[in-house]
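Here come two complexes built around chain A, the first alongside chain B, the second alongside chain C.
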Partner chain A sequence: MDTVETTTPRPHQENAAPRPVGESVTRLDAHEKVTGEAVFADDLQFGPNMLYARIKRSPHPHARILKIDASQALALPGVKTVVTGQSTPGFIGLYLKDRHIFCTDRARFVGDPVAGVAAVTEEIAERALDLIHVEYEVLPPVLDPEDGVRPDAELLHPELGSYEVANFIFPQPGTNIPNLFKIRKGDVDQALSEAAAVVHHTFRVPHVQHVPIEPHVAIAKVDERGRVTLWGSSQSPFAQRNLIASALGISQADLEVVAPYVGGGFGCKAGVSMEALAVAIAMQVRGRPVKLRLTREEEFYTTFVRQGLVAHFTMACDAEGNLTAMDNKFYWDGGAYAEYGVNMTRGAGYSSSGPYDVPNVRTDSFCVYTNHPVGGPMRGFGQPEMQCGLEQCINHLALEIGMDPMDFRRRNCVKEGSNLVTGMKMHATGIGECIEKAAEAIGWGHKDPPSAPHKRRGKGIAAMWKAPAMSPNAGSSAWIEMSEDGKCTLGLGGQELGQGTFTVMAQMAAATLGIPYDWVRIASPVDTKYSPYEWQTVASRLTWSMGNAVVAAAKDARRQILELVARSWEETPEDLDIVNGNVISAKSGRSSSLKGLVVYGLAKPGDQGWIGGPILGRGSFMPTYVTGLDPETGQGQRAVVHYTTGAQAVEVEVDLETGRVQVLRGASAFDMGKAINPDLVNVQMEGGLVQGISTALFECLQLKDGVVRNPSFVDYRIATSADAPRDMQSIIVEVPQDDGPFGARGVGEHSMVPTMPAIANAIHDALGIHPGAPPFTAEKVYLAMVDAGLVK
Partner chain B sequence: MREAHPGLPDFDYVRPADLEEASRFLAQNPQTARPFMGGTDTFVRLRDGFWKETRYLVDVKNLDGRSEITFDPQKGLTVGAAVSMNQVVANPRVGSHYSLLAQAAHRVASYQLRTRATLVGNVCNASPAGDTLGACLLFGGVLRVHGVEGFRDEPLASFFQGPGRTALKPGDIVTAIRFPLPVPGSVGHYEKLGRNLLSDLAIVGVTVLGHPDSSTASGYRFHLALASVGPVPVVLPDLLTQAPVTPEALEEAAGQAMESCHPIDDVRGSARYRKLMVRNLSRRALTRVWEGLQSGYRGE
Partner chain C sequence: MAHHKISVTVNGSVESVDVPSNMTLLTMLREKLGLTGTKNGCTAGECGACTVFLNGEPVNSCLVLAVECDGAEVRTVESLARNGQLDPIQQSVIDHNAVQCGFCTPGVLISARALLDRNPDPTEEEIRDALVGNLCRCTGYIRILDAVKDAARVGAAPGTGGSR
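Up next, the complex of A and B:
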């Protein structure tokens, strides 16, 4: 097996990558998705035996469950089972096991699953919910993360100290703090006292939802021997296999997760959210598939939401405009369970300097339990929320010291060899180029006249960085099986969410193996029983991590083929190559098609037997070089695998009569090391910009007393094509990554990280008003203009 | 929080042969039967559990003459109850004589929904945020209603009684809405403020219709209607008649509009913002109409 072991940086790969790497080939899934042929989880058919599940949910943000009486529901014709927390006593969770599948003694948010029903129709299951009677003792809720850390706060998880936890997460038993990440670098107080300029700001970033076009759906079936099959819309088939099996006390080998195409994830289908409910219910009705499908309204508050954040920044620089200190306090609104969200706290902490070289940094990043919906991963994994405030402070500080905000960023941004906030040394990065190119693309420094007298224009820029936030040893694997005609099937466990990963993997496999792109098939759907292991499709990590595994598998297959042919031709493998599906010899000039030989091997001369056999390439990749960080200082050798960096610049126009902000143009420049497929990279940059605009201008879960007041698209507005800028530019910067395939690193999430602050900074440029926390709705901007005396 | 239900509750679909049968059925089942037209509000409300008692949907959209737009140069415009918003927008007679109506209809929801949504349905739904209510009111719309006692007319001026509440009684089916000929030289404009550009409900909607009038001191007459700032549309008739129309007079009229409404705080916007927007958008709409009256502009 060819395993990539990267402990020390390898030399950069040369830029001339073999075809079709670097080409914008057509997506593998384009035809089936355009025609509607593509299969999604809700399309799967299970026949008349299938049951439908619905979930009884807590109407209280915080309550003790005194009694559940399901007798009336069980008596309703068509109801097959009612499941409560008594059947599922185990804990579940990715980094911190703090959650039961169904509530046992306590409900911690509005929507917390209290009981589940399976019935012959969805309507009967729904009707049965009203017949389940739950007695609650209502408890005081925690509705603000800063309230949650107070010593007298009501405790949501008194058992926090006994929960199983990953060794890089630091819960504080006896509090509502499931993780506290600290950075102590340099002497912040000294630096602040000597600074030429200091800014201090607080931002309250609201919860938002991922709103994938396809709501969550899961179908579970348990056979008579207790073996489980789960079909679902999933970013994490293997993590679900592991977490659900552990919670139910069964072997991972007895739980199979089948995951067809995902109709949008953005993080909400990572880890486990509602899938375990379907499995727990199916346990009680063995032999029958049980389908659970969330309504759009449930989608808004019962699965993961993006955490809210209260962030306090103090930032300082010297007279020349060099950043000297940052003092940060983050209070993450982790919601009722923080099993996944605890790692966002950590990610925000080890990136808390932003993409800047800052000698003195002090950060306290608190994850706080609240009686709010469960905070989970969302595109950017905490960085959009954190850098929203950070990048506005950078702007303020630049203006305070009298520098152009673009120059200030160029001056302070990290460079190769910079001593990062965790003590890690920065690798080669193109961030400076990204900042310059994004600014240049919107005509930085040039003020355009507004389109009408009652409008004002402004330009803003923000830079960003983000590392894949994951377990340090998150692994990938792949296999390549050759078919008789020389084409191949590529097995992988990463998921196609629309981002194009199957296409990119096929490109890398074809390039490495030496066959045409259209010779590669993907073994899909991903099925944990047949597909190779992949940790999760998150963290923008597939192109990099799964790509390394795919390249390793392709190299392994290639090596086997070349050794076989070399033996037959009595040459050495080093003199042979595979080009366009043919083995060729540079030495003898011989050439042979792959046809036949990759399955049947080759005959020895004179009919004296055979050599070779079916070619099966295998590869795996796991980063082995990420080290732990000191719990008190956050310092260590290597906090993360690497950082993807970039910048966005936008031009906005503000309507002085309504406060409406229109983004006229936006430029994104990101350094993804190597664009394996430039078109796919460009649409990631465009998509991230539009989603970023949506969260900057419109999106907000309006929480009141723990209740989401706008759980539908009527009142949860997202950007439409009309709200997107007409002029979007995407700029590819390629400074190769030493541990990435063909020099590539991920770019899926990054393009929505800098959008909120870029727009905020542009609004400030237009009006002279700091708009603060998103969303920068027309109302918020108008009332800010009134308060500033700009309008009446 | 509103309960979220998968699918729809059970109901029977009733398709009467004629209006008499339809009115009779609706009158006999006042709590449980509802007339069903485009369905764009009906099905959403059924799914939301907003109408818990509904057991029958009475399909009234295929009855005679209900999908036509007719124009009579003497009497004016008649829009059948089953005419979709998109048909209103595309109709050349509407465009040339009642362009304000087309403009307002064009701002309802999205193109897809406008293929099903009807003008009469929008009026009968009586949402305070209804985009076309202002135009229908200012054009002097009169509903043709068939009830258990036969046909009658319901002027819109006295039609709206509260959110979702109207002068309609059980058994009533609106068959058409009629508009008299507009005053010659009329110019209209609709200003809608949504949270984002497309397919939102109005935070504030301002409809203005103006026309030359030799009997007034100003030589003009302006009428204004407001959406989303009260339980029913707020109408301010006969503005800007007393003195010459100037920017200051327009500003004053806009201020009058602001003072006339009493909006509430809700998830879409605060009362404070709504009042300020009533002033600003009224100023904007009045100015657009005023400019149109001077230049021969007939609205968008």
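Up next, the complex of A and C:
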């Protein structure tokens, strides 16, 4: 590629790692994806016995369900069952169990599932929905998170105090707050009173939608004994197994989740969003597969959304430009059920200083129940929304004190040993280098003339950090099985969503084992019955966590092979190595291919029997060092496993006649510890930048009275081929992770975290206007220019 | 629902299919013929994942009724590779790392092949225009644009390409 700069030499020379780690090998899944052979969940064939499901949904944001009459629907020829909340009394939820699979007595958002139909065709199922009559008592809705925390607010979950909850989530019973996370570090009031400059801003970041091109689909089948198989487009097959089995009161061992390739996830296919509906319906029609496929319209308002955020920042520095205080209040629009929202609230709290060393920080991060769609994880897990405002305030403060925003960031960014907001000590990180290189890549400090007299140009930068936000003990496991010819099959439970995880896992397995990359096959699709456990494909944690498990499995297989051969050759394993698929001895110079011996073992001399047996390597990994944080202060020994840091810099051009913002170029620099496959890292950075541009300039889920007003690609615009900037530079920075495989840590989500504020800061550089909350649409920018007197 | 017996040439083979009046070409390909390479992303002609050749022109197959295809010639992503030989656009997409989740890829490939068939040497603006109806949420598009540009340089391999 002539325009994408890869600063990493190929093969990679720093941090020398065995081949093919550090090489940009071709993706394992590329060939089947260009021929149409790759199988996605909707492509699975189930034959004529399959039934189709459709869902009756609440038209009200908040209502009591008084009566459901399904008799007419059940009488429609072709309808096989109608399921309501009566069949699903159990609770479900990842961190806080606050939801029924189907509503029981109350509907809490427009789209909340009230009943489900299975019929012989999708058309009949759809028609049956109109024949289900639901009587509601409409209740007052909560439509804004700041309204939701008022003492007189309508309570959406009066039972909050009785819900089962993870021990690091702090619900406030008797309120609409399923989690409140606090940071109390230093003396913020004192620091504010002594500051040389203080800025204060409020940002209202709107809801956006993930919109993978593949909609959600789930097919469930329940056998006569009640054992369940669920096929679906899933980032979390194991979490789905656990949560759905618990909600239905069956054993996890009796629920099998089969998860083929995912056609884009970005978080919306994590946890359980609609899959349990298919299972609950299939329970009533045993022996028949039941398929539930969301329409694009449903995709926009019934599945997880990136939740809205109201964020208030007060930020101060001294006369030398050292950050001295931050006072933050975040109100997250968690929607009808807590799901991931409670943990995003937490993640925003423990990262609430941004990637900066700040001695005094006070943060209150509220997750608030509202009658909006359910907040789920989306690429960045709350950090793009939070850091959107934070990084604009940083810029403002730098300019206020008369410093270059890039220098200000470099001066204040976290370093190894920095005392973070939670009391955790920062590990080694390359953020300073990321800030400098991103800025340099777009010619920071030089202003090029605009392309036309009615246009203005500007440059902006934003830094970022993000830790994997997950359960503290989220685990991974892997196995490696050798085939007769010495090639191997790698079993893993993490999902290929397009990020390339199967490829980098194969690279790490090959490098560790000592075999060529193209000798590794992935045991796919992921199937909870056969695949080893993996917590979830979220939090950009696979390269690090699953990678550790894969390396451990490969080391285990390698150890078994070397011990076997050493015994046979009467040498020690330490003198042997596996290179390019051959066992070699440094001592004796002997060499042997792996062929045969990895399955059949080796014959003892003189036909006196055999040694060895089929080689099966196993490995697992779980972080054991993350500690709890004090509920009142957020202080603790180690809040997270690590932080990935980075920066983006962009140049924009604003049209004074229309308000249209065009991103001319963008540079991304991230520290992922070690790029296992540099070009796969590059394409994550490019894709993240364009998704970030899309959310910065176009995207907003328009909610009015709880109703999503733009549930289609025509009304909800995402970036197209016309919008991608030609000039995108991706810069790899590698400061190794102490417990990462080959030093690696994750980078998938991070690449869209700083995009919104980088663009906002560039708009400010061009116009002198703080554009505030996204999206920075032509209309919004034009009106801001009118207000500022820039145009008439 | 009335059913119709239609005859349609799909990827070079003549198929006789019994379709209800309201069945789309997309559903016929996926459910009647088991050609699942063509994807359903929106059923509304907005995302382009279901793009196929209909009588040589790229169309959103979710907006075409199967009965309209009686006597027509349809080609899908499954037809691009011949005898294990990838079409240059397929190879170029692999070489440029222009595929991630892969769900938009079949539609992208058809739109790109259609562009190259009618314009063997497109400019970047022409490539962007030709692909503007194929939404991709993963790649950021630039790799796809470069893949098409490079495939144009290579040209169509003998015996491959769209339905001309």
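The criterion applied here is as follows: the second predicted complex is superposed on the first by the 778 of 792 C-alpha atoms of A that agree within 3 Å, B and C clash if a C-alpha of one lies under 4 Å from a C-alpha of the other, contacts with A are read in each partner's own complex, and residues count from 1 in each chain.
Heads up, the rule we're going with is that contacts are C-beta pairs under 8 Å (C-beta built on N, C-alpha and C of every residue); 3 or more make two chains touch, one makes a residue touch a chain.
These numbers were taken from a predicted model, which means no experiment stands behind them.
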{"item": "Superposed partners chain B and chain C on chain A - clash or fit", "value": "fit"}
{"item": "Touched partner set for A:V714, first chain B, second chain C, both or neither", "value": "both"}
{"item": "Which superposed partner A:H31 touches (first chain B, second chain C, both, neither)", "value": "second"}
{"item": "First, second, both or neither for A:V211, with chain B first and chain C second", "value": "second"}
{"item": "Where the C-alpha centre of chain A sits as vertex, the angle toward chain B and chain C in the overlay (nearest 10 degrees)", "value": "40"}
{"item": "Residue contacts on chain A - larger count, chain B or chain C", "value": "C"}
{"item": "Contacts of A:Q45 with chain B and chain C, given as first, second, both or neither", "value": "second"}
{"item": "Partner chain(s) touched by A:A758 [first = chain B, second = chain C, both, neither]", "value": "neither"}
{"item": "First (chain B), second (chain C), both or neither touched by A:C413", "value": "neither"}
{"item": "Touched partner set for A:T777, first chain B, second chain C, both or neither", "value": "first"}
{"item": "Contacts of A:E126 with chain B and chain C, given as first, second, both or neither", "value": "first"}
{"item": "First (chain B), second (chain C), both or neither touched by A:L497", "value": "second"}
{"item": "Smallest distance from any CA atom of chain C to any CA atom of chain B, in Å, after fitting", "value": "5"}
{"item": "Common ground on chain A, meaning residues reached by chain C in one complex and by chain B in the other", "value": "123, 295-296, 714, 718-723"}
{"item": "Of chain A, residues touching chain C in the complex", "value": "1, 3-4, 24, 26-27, 29-31, 33-40, 42-43, 45, 123, 210-215, 261-266, 295-296, 497-500, 679-680, 682-683, 686-691, 712-714, 718-726, 728"}
{"item": "Partner chain A, residues of chain C touching it in the complex", "value": "22, 30, 34-44, 46-47, 49, 76-78, 80-81, 86, 90, 93-97, 99-106, 109, 124, 127-129, 131-132, 134-146"}
{"item": "Contacting residues of chain A [partner chain B, same complex]", "value": "54, 110, 122-123, 126, 293, 295-298, 657-658, 660, 697-698, 702, 707-711, 714-715, 717-723, 777-779, 782-783, 786, 792"}
{"item": "Chain A contact footprint on chain B (complex, rising order)", "value": "1-2, 4-7, 10, 193, 195-201, 203, 267-270, 272-273, 276-277, 280-281, 283-284"}
